[in-house]
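Presented sequentially are two complexes of chain A, the first with chain B as partner and the second with chain C.
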Partner chain A sequence: MPRAASRLRRSALVAFALVAPASGRAAEPDAATILRRADRAVLGESAAYTLRMTVLRPNKPERIVEMKGWKKGEDQGLVRYTAPAKERGTAYLRSGENTWLFLPSAEKVVRVGAKQNFGGGDFSNADIFRLSLIKDYDPTLAGQETVEGQDCYRLELKARDRQVAYDRVVYWVRRDGTFYPVRADYYTLSGKNLKSLLVSQPKPLGGRTRPTLMTMESRVDEGAHTRLEFLTIQDDPRLDERLFSPGALERGE
Partner chain B sequence: MPPRGARSQRRGERILVPVLLLSFLSLTRAVCAQTRQLELGLEGFGYESQTSVLNRENVLGLDDHPGLGRLALGWRETHGGFRAVFRGYVERTWGTEQDETRWVVRQGYAQYWWGEGVGLRVGKQRVAWGSGLAWNPTNRLEPPKNALNTALEQEGALAARLDWAPRPWASLIVVGATTDAAPRDLPVAASADTRRTAALRARFLVKDTDVAFVASGGRNQRTLFGLDLGRDVRGALAVHAEAGLYRGSEILPPRDDTWFLRVVAGALKTRGDDAFALEYFYNGEGYSDAGVAAWLSGLDRAWGAATNPALPPAQQQQALGVYAAGAAIPYAWGLGLRRHYLHASWTRGGATSVWTGALRAVVGLSDGGCALTPGIGYAPRGNLTFNLDAVFLLGPATSEYRLSPVRGALQARVKLLF
Partner chain C sequence: MTLRLLAIALRNLFRARRRNALAGGSMAIGTAALVVASGLSDGITHQLSDNLIAVQTGHLQVVVRPDDFQSQNNPFDAYGQDQLPEADALARRIESDGRAAGVVRAVPYLFVRGSAVAGSRSSVAWIVGIAPSREPELRRMQRETSGRFLPETDATAVYVSEVAARKLRLGVGDAVSFVVQTPQGSVNSLDATVCGTFRKGAPWFDNAFYITLAAAQALVDWPGGATNVKVLLSDGSAAALAQARRCVERSVAAAAPRPLAKNTALKVESYTEAGRFSYAIIQANEAALVMLSGFLFAAAGVGVVNAMLMSVRERTREIGTMRALGMRRSSIVRLFVLEGLALGIASALAGAAAGAAVVLYWAAAGIPMHAAALSWMAGGDVLYPALRGWSVLRASASIAGLSTLAALYPAFTASRLEPREALHHA
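The block that comes next holds the complex of A and B.
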């Protein structure tokens, strides 16, 4: 009996030794995996969605813009304003490193820079259209921290080139297996913290639970912040690549 | 009596409006529109007139403060790939020689897209191509922009346009267009012959650079070859260059065997709610100092003959016609009278702003003249906007803008959207 018990203990130890490293890897994925999973936590590979953007400035009434958007892959996005009426038809297109703006009053497509701000809020064009960070940044796992009450991975993201909107991003992603992004701090080359993004309000939308509110707080203009709230999301619709071309911008809604 | 071209244009509009109204009525009954937007607008433009080389002894018959008032209507409806647009106004002018009430269709077209690949648009429409902000030397299909305020809404041309996008990075546009319209926002009328144009624009995205080739030509239209480029620099600045090469001048006198080049090059930078633009324009057929002197002495001669009592009335009338045609040159089809121009603008405000501000300046580098246009906008609600622009014409007395019969302007616009 003792021999049988001893054999059982040995088998358990061997089994643990075999399994432990594997389960250790599963518990602590590498930085690239965390970032990739976080990139997909809000929107799928391609998506169609509606958004409400609320711009808040100290001592000023809040201003709301509603829009619908489409995303394909990591670097193609199109957003059209649907409200307020005076802005209806204004559209932004991102394809690769290129961003265009359609001005309905002039019926004209104008090229704009990716780093330029989006619609008068605190998000840049790159923030809106590059919801995926894996393409632009090299991630490093820099530890674990509790942020906004959540146990998180802390990732240090370093821009791959100077074209990218921010030189460095510190990114916190939930450790509970959901890989929901929680917070991001954006820094310039000189190390200045430009703004911070808070990602919150996970709830069922478009068939799965996901964060639905993104709040960008300016660190330059005190009290200035902009909220982006997803109203509807459809994951993986069939989208023609030609939707993401300047010609499609001109055609209007 | 309006020129022949104008009569044919108005005939086209007479057909166009009932067709659009019918399609609107049938649409509203037959389908539940996916999106619909109605727009009601009031526009009031007031000018300060002056006698000048282009308005000798107030030959244009302008009061001190001529102007115009407009009631504008806009309608846009989409259903799937179908879209119909109407934009027009009823206008009353005052303080001019022949005050009149008239209606003008700015745009009225129907459009259909088959998926993302092929689109057809028929009717009076803006073409609005070219990367240039204040000047578009590759676009000779539409009436020119108002030289005194390039931000005003432009009138379209009667056209049929076919878009074909075989790939996301390549597209082709073919347009057949006709127009005789001149800028209508001024108290001085400039008439133009009807231009019939066929044009083709092929656009590509090559290594993150927009590249477009343009070819156009037709009746009363110079054959033109154009190149249009645009890209951004480090994500922070958008730069563009647009060039048109054509044979024969558009500005009088006709120089039929000479090739001319027009080039626009500029940059756009936005920072927060601010947008800054700077653009240089080279107008190859523009007058040199000697050309201006010849043009002005030609006007002198024509005016002298028109007011010479020793000449028979028919000859006086003919001379007056020559004078009027020469005096209208800066407002007719050309993009500018001289060779070198600079456009600089600053605008503040975005989708979420209640107040917007703008300051635009077009500086004639050849003569030191300047058209300065500050403007403010106020949007107390998301569907209501007020805009007020002022136009100041500055510079030496002999500069292009100071020769104008208009000394300055105030332009107010109110827009209500449903």
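The block that comes next holds the complex of A and C.
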């Protein structure tokens, strides 16, 4: 009898050991996982969307541009201006390491830099095409903070090499399981905060709830900021590879 | 005999005073115009060359050029775009090796394009990192109009052109931020404080911001690097330049700074090669001067020929008398040629004096060049013409020579008159 009781006790202990971790708090995700999830929070692997960009400068009237965009994977994207009329047809293409600009007035396709300003606003071409942060940066989980009223993970992103635009990014991502980005501060090599991105207005769009407003504020140019508002999003559309070629850019496809 | 003819020629000049005064007057005006035009052209050449040597290229410069480099004929061609490594060590070597060849100083500097932001204003910035204590020529050319020149060891000071300061509403003590993309591709910035402003007026300096070389090296993430080493000589003549160039090339080959970017090489360039843009302006000015000279000569020459032919016509009987008295044809020719020469010399002297006075006045007062096209041409918003003895001599000798040549045709016409017919001329 005592042997049976001891076997029973051992079994109970093993069972408890197996069950116990599940009944406690789940482990926090690591920095890379948080960053990957945040990278996909607004647009997935592939998407088609329309958005409105508003560029605000002190003492100047606001400039509003509407555009259609397509994204495929991490390094292919196309954006075409649809309004105002005088800018309709202007297009940006990202494919691999190269970015091109098509100017309908000149009927010319020119190569531009990924770090150049997109459309005269505070987003760079690289920001618009949402190159994966995980590809360019080494993330570290640096704690938790409340930012914009949200409980967030704080990530420290260090550039993997000197070719990346910003030497360091401090990135806050919601801890509530949505992994929505909330804010990003971009720093230069010298440690100056050059600009900050605020991500807000989560709402249902394209079949799921996601942040729909991104505001980039310059920390150097007082009062300058740019808003990107997603109007429609379609996840995982069928996209022809030929859409992401300079030839297609010129043909207006 | 020639002296007697000269005395007769001089007397004859006063016989038809109004006609000779008009002909001589036109030549004097032509001489004065040539002297003034030469003064303007020499002033432009002097200013552009001095600017180029003091501020950008030195008499010689060492710069890294891509193998397929092609000059765009713009003022920024002189600046290198690629890193010249170990620039300070190279500069010191050039100085020590080149003393005997007339090298006074070799100075590294770093040029980068970026943006300058102050408050809500921003502008393009041509940022130049210099070693202030080794740039007395640059300081002389870009003299401070407020505040002070760049201090040697203050990595946060910036010396800015008045035009850029006005655009950004900057004064001494105000803050400005620079944002650049480093050659590797990352974005970097520098917060600086204005220590002083300068005025040059040349448009390609109007967006210049001078910071210390160390600050510029940190900004573009190039420790010890530069884009240019400019070499200043004690003698800028062609022969001295050629000798110094050979010496600098040897020093560069021996130092062989590394690493260099792919498909680039170190080049030693003279200021005329590096500053093709400025030399294009100088050549255009000289071409304009030659054309102006041509028109002036043509106008003056026609006037002299006309005056001399009138003189021959009026003095037909006198010429007949001289021939009847035994004066040879060659002496008739010499007489009229000497008249032309005397008229030419007198006009040239008067014109040169007037022209020189105008040039000297403007050389002291300066000629405002406010229009953008003029300040591009003059290399500054004030042009100071230069009076050079050689230019005055050239203008005077040209007019005197023209007058003499213009007298040849009338002189031969006079010499061909037959005495009998000339004496009977009514």
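Following the convention adopted for this analysis, the second predicted complex is superposed on the first by the 224 of 253 C-alpha atoms of A that agree within 3 Å, B and C clash if a C-alpha of one lies under 4 Å from a C-alpha of the other, contacts with A are read in each partner's own complex, and residues count from 1 in each chain.
What we mean here is this: a contact is a pair of C-beta atoms (placed from the backbone, for glycine too) under 8 Å apart; a residue touches a chain by one contact, two chains touch by 3 or more.
This one's a predicted model, so the numbers in the text were calculated from it and none came from an experiment.
Chemist: What is the contact status of A:Gln163 with respect to chain B (first) and chain C (second): first, second, both, or neither?
Modeler: A:Gln163 sits against chain B and chain C alike.
Chemist: On the A-aligned overlay, A:Leu194 touches which partner chain: chain B = first, chain C = second, or both, or neither?
Modeler: So A:Leu194 only meets chain C here.
Chemist: First (chain B), second (chain C), both or neither: which does A:Leu243 touch?
Modeler: first
Chemist: Does the superposition put A:Ala85 against chain B (first), chain C (second), both, or neither?
Modeler: After superposition on chain A, A:Ala85 lies in contact with chain B alone.
Chemist: What's your read, chain B or chain C touching more residues of chain A?
Modeler: B
Chemist: After the superposition on A, what does A:Pro58 contact: first (chain B), second (chain C), both or neither?
Modeler: second
Chemist: In the overlay, answer first, second, both or neither for which of chain B and chain C A:Leu43 touches.
Modeler: neither
Chemist: In the superposed arrangement, which partner chain does A:Gly96 touch: chain B (first), chain C (second), both, or neither?
Modeler: first
Chemist: If you stack the two complexes on chain A, which partner ends up touching A:Glu222: first (chain B), second (chain C), both, or neither?
Modeler: second
Chemist: Can you list the residues of chain A that meet both chain B and chain C?
Modeler: Looking at chain A, the two contact sets intersect at 113, 115, 162-165.
Chemist: Note which residues of chain A are touching chain C in the complex, please.
Modeler: 57-59, 113, 115, 159, 161-167, 188-190, 192, 194, 220-224
Chemist: How about chain C: which of its residues touch chain A in the complex?
Modeler: These residues of chain C touch chain A: 117, 119-120, 122, 177, 179, 181-182, 184-191, 218-219, 221.
Chemist: Under the touch definition given earlier, write down the residues of chain B that touch chain A in their complex.
Modeler: 34-35, 37, 78, 83, 111, 113, 115-117, 119, 126, 128, 131, 133, 153, 163, 165, 167-169, 171, 173, 203, 205, 208, 210, 230-238, 240, 268-273, 349-354, 379, 381-385, 415, 417-418
Chemist: So in the complex, which bits of chain A are touching chain B?
Modeler: It is residues 53, 55, 60-61, 63-65, 81, 83-88, 90, 95-99, 105-108, 110-117, 119-121, 126, 162-165, 240-248, 251-253 of chain A that touch chain B.
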